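Both complexes below contain chain A, partnered by chain B and then by chain C.
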Partner chain A sequence: MRSPWSDDRAERVLGAVASLVLITIAGMVVFVFAKAWPSFAHNGLGWFGPPGHGSVDDQLTNIFNSPADPRRYVYELGAWPLLWGTLLTTVGAVALGLAISVLAAVFLVEFAPGPIRRVMQPVVRLLAAVPSVIYGLIGILVLVPFVGNHLISLERKQSVLYVVQLSGSSLLVGVLILTVMIVPIMVAIMADALYAVPRTWTEGATALGVNRWRAMWTVSLRAARPAIIAATVLATARALGEAIMLSMVSGSQGFGPNPLDGLTFFLEPTRPLAATIVDNAEGLSVKPFGQTIYAFAAVLLVSTFFLSLGGWAAKQPLKRYGTAG
Partner chain B sequence: MRTRMGMACALSGLAIALVPTAASARPAASAASKSVITLSGSTSVAPLAVKLIKTYLRKNSGKVGFKLAQGGSDIGVADVAAGRVSIGDSSRDAKPSDPGGLVFHKIARDAICLATNPANKVGNLSQGQVQDIFSGKIRDWGQVPGATVGGPIDLVVRTPASGTQDAFQKLFLSSAKVFSSAAAKASNGLVAASVKTDKQAVGYLSYAFTSGLNDTAYQGVACNLRTAKAGQYPGSRNFWMVTRGAVSRRSAVGKFIGWVQNNAQAQKIISTEWVPLR
Partner chain C sequence: MAVAAAPRERAALAEPSPSWRRGDKIAVGLCWAAGLLLCALAAAIVLYMGYKGLSLLRPELLWQRPQASADQSKTGGFLDPLIGTVVLTALGTAIALPLGVATAIWLSEFARPSWLARAVESGVEVIAGTPDIVLAIFGLVLFQQSFFAFLSLTAQGNAVFGRSFLTAGAMMALVALPFVVGSTREALQAVPRHVREASYALGKTRAATIRRVLLPACRPGIATGTVLGMGRIVGDTAIVVILLGASLQFSRVDGPPVMGDLRGTGSTLTSYVYNNSPAGEGNAPEKAYAAAFVLLLVVIGLNLAAGRLGRGRAKWKS
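So, the complex of A and B:
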């Protein structure tokens, strides 16, 4: 017979495990930055700028084909098209997802009839767990050919002939599928928060004569704002880090879509940072190329950090409102 | 005393977490009766490796096990050099920048075919045309004799680290550079999917992946096994299994590679979609 652990021992063991997690994360950050340093050091702030001449893919090829002599390694890179692609897909999907998921959560909590709610809730949770490669397959087999064959006319293709090729893999498809991927998580979190708003608050509003829609909009949603922010941060993190699906559907070209191109803008291909890492992981063994890939990883790490920080800061002034979040 | 117990618990937890990775990373050196051969690398070699392994296992069941991962020729070469796998698959020849001490065993030859969408029945492309098309000088199918679709050409290529890309550059492009707006895919399968769904697309891929696409002749020679075996097709390349140092003929890895290179049944499997050496 062994006696159960004392609180004292449990505290120490759990503390050891928890600090192990912290040490792992710290080690990872140090490792990635140490690996990435030569790429940043060589390019300076130009790293974040546009690629001087040629495209960012040309630059990556040159880095990959560096001579074997370490003194003649090529590092020249302007990663702006990749950063811009990351920004476009992430912001596009999160903005679209936010609008859809707020409305869906309100419907689910306040308006949905019982049977629909009982079906919808587990389905939403299930959708949140679908692996991204499945979304990628649907994209590449259904959406990309559809966009390529029906939405892109020959004239449109010809108009950008020497700049970029439009084949259906596009910003549009990437953002749409990314939205579908992040909406379930957002709906689940927001619905939980809306359920947690004390019944008496909305009942108070109803007693004052407003209808359910207005009570929802003015009371419940306001109270749930911290949860909405939390959901947005989580969704942004997923969108930022999504690699496989975007590598499959968004175009495989390091091109920065140009908003001045009008409607063509949405049909232009792009390749965000995470997708670039996946696509090029084959070349890690070539030293300068590997260091460049680690530099992409470092930028992603830093942006996730600032994302969490931003989410935390945005929640602070809202603390006094709700119970949720 | 209590502290030490706590630390011990935490450490043993860590050790358990590490064991599976360490085990899967170690090459076939285990003293157990059944040795496991691990392979990683080229996505072009992978389908051939799978077929060979299946037959080899049927004949040697219980004596040997296999683990196959993909990732690309460079991954295979790097993995075997670091001792993470017993065999690295490579669809490119040895490069001067490769780590020292590696032995490249040639196992087969493969043809790289130019492929277009089935709707576009281009019959033949000369080396000059291939260079002009892939470097972006010719951007419209109207300028390509024999094309049965019109409109801009969509180029589908491979990422820089791929063995197929390396071989294509050497065998087809020589000094020409791939047009910067070409879509660079990470595997043969993704190239096939893109060309299959896009009428204006042209790409290149290993012969084993060309079903359902329009194979285009290169320099007047059709891309098929007959021309590749006869040595007529100019776009063919070598497949390699790479080991760290020479392998003994009696080790599990040596036996497997020897079987692949010499056994009649293995040669027959290779000749289904690739070119056997003998």
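So, the complex of A and C:
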């Protein structure tokens, strides 16, 4: 049977469909930045700085309540506490997740006995598939009350009461759950790469008298470095963009946890950029407020873009070693 | 993302022996700890959700419509969110599947000019890395343009609402797209060259080869990617909260039956769980647990299906 389509036509149509991806991305960048521009333009570099007086939430309320006259719109914002919250949750979860997932991937590939390995593979896939709202639900109904009732003493609550209320919704819970969410993604990618390391390489190492852990550490993990970078980039993107779970468990206060507070630091509430967008979604129709929210999205968009670029650049010098990631 | 299943035979060099350095023994111990921790976490989550779900899920919840009420016993069930999940997943998949398969075929079979192919390839990666919340509010500003007014409610004064099943479905398609493209490409690359050449030798054009030979051969791969993408759509919350309105019941727009419903707003299981958690307005944790249990079952089911489809993949001799 003859196909109704000539090759030329098929190629053109398929190419056009594939190019839709690029048009979508271009549209995303244009629309989000066009909408966000007034917020950046009014604040200049101060946008990224600390809020002058009061808190970010006060500033957001002022923006929300700005007068209807476009010439008197309020845009004043110093988003540093939100950026700091994003940085803390992301870096915390990725650092913790990287350590756990490297160990777990090595265990899965090299040390796990047969039955455990057979259980662990579906378990990793299952954990990666659980929706973030379920993690958030468990966090807000189980972990947050536990931390609030058992881990935070009354004295600790009173010691910072004049700045912020400690309820259990905290940086600590946010980072822990975020770690649980990103570890399975990282383990899956790393385990694939470790499996792909040629047997002969590790056998060579063992033949030279190195034990199995050393062979893993010095040969396999080194060969799998591109995959480890890829996994880290993917996990960081996921952590940066996680909105729902963090808006549920991290306290939803535009407060930047202060490292000078000692251990209390981990128990202070925070609110990353993505969670701020979800929490304030109702205000999107108020023009200056909506523009501020789109500015948050623009920052997220730029950071994920630079993240992929950074991952790509970090992989280049490693290309000549072993398995690709 | 699948974990390769190639069990290696290990014999002689098995367990850490006394001759190992202490640091190495500790490292192996940490590996065990990390691995067992993962398994324990998964077991804890599944058992806890199962316990809560089975004790709180009553069958009538599945066919009662949600009602707004301060009393948890009067808030009804989650029929609307359940239907919403199905409709939204179907819409998102229906858009993502043809787009994704076409993109993958072009990338792997044509890919000319090469700069465009490279750009599309990284474009798919960029979409995969974009946070869903950013996709959601991009969708909102996009579909509030008057050009897209036919997709959602238009309020008085020609303000386009931008929130509907259709707009949310379109953005959900972007969530699923990278999965479809990824596994379709993988399947296409697994088809050996000589299969294509045999088809050309029989006088078939490239277009006919794609349609008659490659697509049927890739069906398991396409199915796996689609099901994985569906799992992501089912579990996504941010897009639903922002683009679907997350209203308790369906609210349809005037118009022909099906189109009017699709242009209206609604909710899905994820937004139902979110709104009924202490973080949302409903605050009915029992309902949230029950709905989350159903959601978890759906997601696990989809993943089992993806795993099974993946195993049924054709094996080529080269």
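One rule holds for everything that comes next: the second predicted complex is superposed on the first by the 315 of 325 C-alpha atoms of A that agree within 3 Å, B and C clash if a C-alpha of one lies under 4 Å from a C-alpha of the other, contacts with A are read in each partner's own complex, and residues count from 1 in each chain.
Definition applied: a residue touches a chain if its C-beta (ideal position, glycine included) is under 8 Å from a C-beta of that chain, and two chains touch if they have at least 3 such contacts.
Keep in mind it's a predicted model, so treat the numbers as computed, not measured.
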Evaluate whether chain B and chain C can sit on chain A together after superposition, giving fit or clash.
clash
When the two structures are laid over each other on chain A, which of chain B and chain C touches more residues of chain A?
C
Which partner chains sit in contact with A:V17 here, chain B, chain C, both or neither? Use first/second/both/neither.
both
Based on the superposed arrangement, let me know which partner A:P184 touches: chain B (first), chain C (second), both, or neither?
second
Does the superposition put A:S167 against chain B (first), chain C (second), both, or neither?
first
Is A:F255 contacted by the first partner chain B, the second partner chain C, both or neither?
first
Looking at A:A281 after the superposition, I want to know if it touches chain B, chain C, both of them or none. Which is it: first, second, both, neither?
both
For A:G49, decide between first (touching chain B), second (touching chain C), both and neither.
neither
If we overlay the two complexes on their shared chain A, which of chain B and chain C does A:D57 touch? Say first, second, both or neither.
first
Touching partner for A:K157 - first (chain B), second (chain C), both, neither:
first
Check whether A:P198 is in contact with chain B, with chain C, with both or with neither, and answer first, second, both or neither.
neither
Contact residues of chain A, present in both the chain B and the chain C interface
9, 13, 17, 20, 140-141, 247-248, 252, 278, 281, 284
List the residues on chain A that touch chain B in their complex, please.
8-9, 12-13, 16-17, 20, 54-55, 57-58, 60-61, 64-65, 67-68, 140-141, 144-145, 148-149, 154, 157-158, 161-165, 167-169, 247-248, 251-253, 255, 269, 278-286, 289
Would you pull the chain C residues touching chain A in the complex into a rising list?
1-8, 13, 16, 19-20, 24, 27-28, 30-35, 37-39, 41-42, 45-46, 48-49, 98-99, 102-103, 105-107, 110, 112, 116, 119-120, 122-127, 129-135, 137-138, 140-142, 174, 177, 204-208, 210-212, 231, 234-238, 241-242, 270, 273-274, 277-279, 285, 288-289, 292, 295-296, 299-300, 302-303, 307
Interface residues, chain A side, partner chain C - complex
1-3, 5-7, 9-11, 13-15, 17-22, 24-25, 27-28, 31-32, 35, 100-101, 103-104, 106-108, 110-112, 114, 116-117, 119-134, 136-138, 140-142, 180, 183-185, 187-189, 191-192, 195-196, 199, 206, 211-214, 217, 233-234, 237, 240-244, 247-248, 252, 274, 277-278, 281, 284, 293-294, 297, 300-301, 304-305, 307-308
Which of the residues in chain B end up touching chain A in this complex?
2-3, 5-7, 9-10, 13-14, 71-75, 77-78, 81, 96-97, 136, 139-140, 150-155, 159-162, 177-178, 180-186, 190, 193-194, 197-201
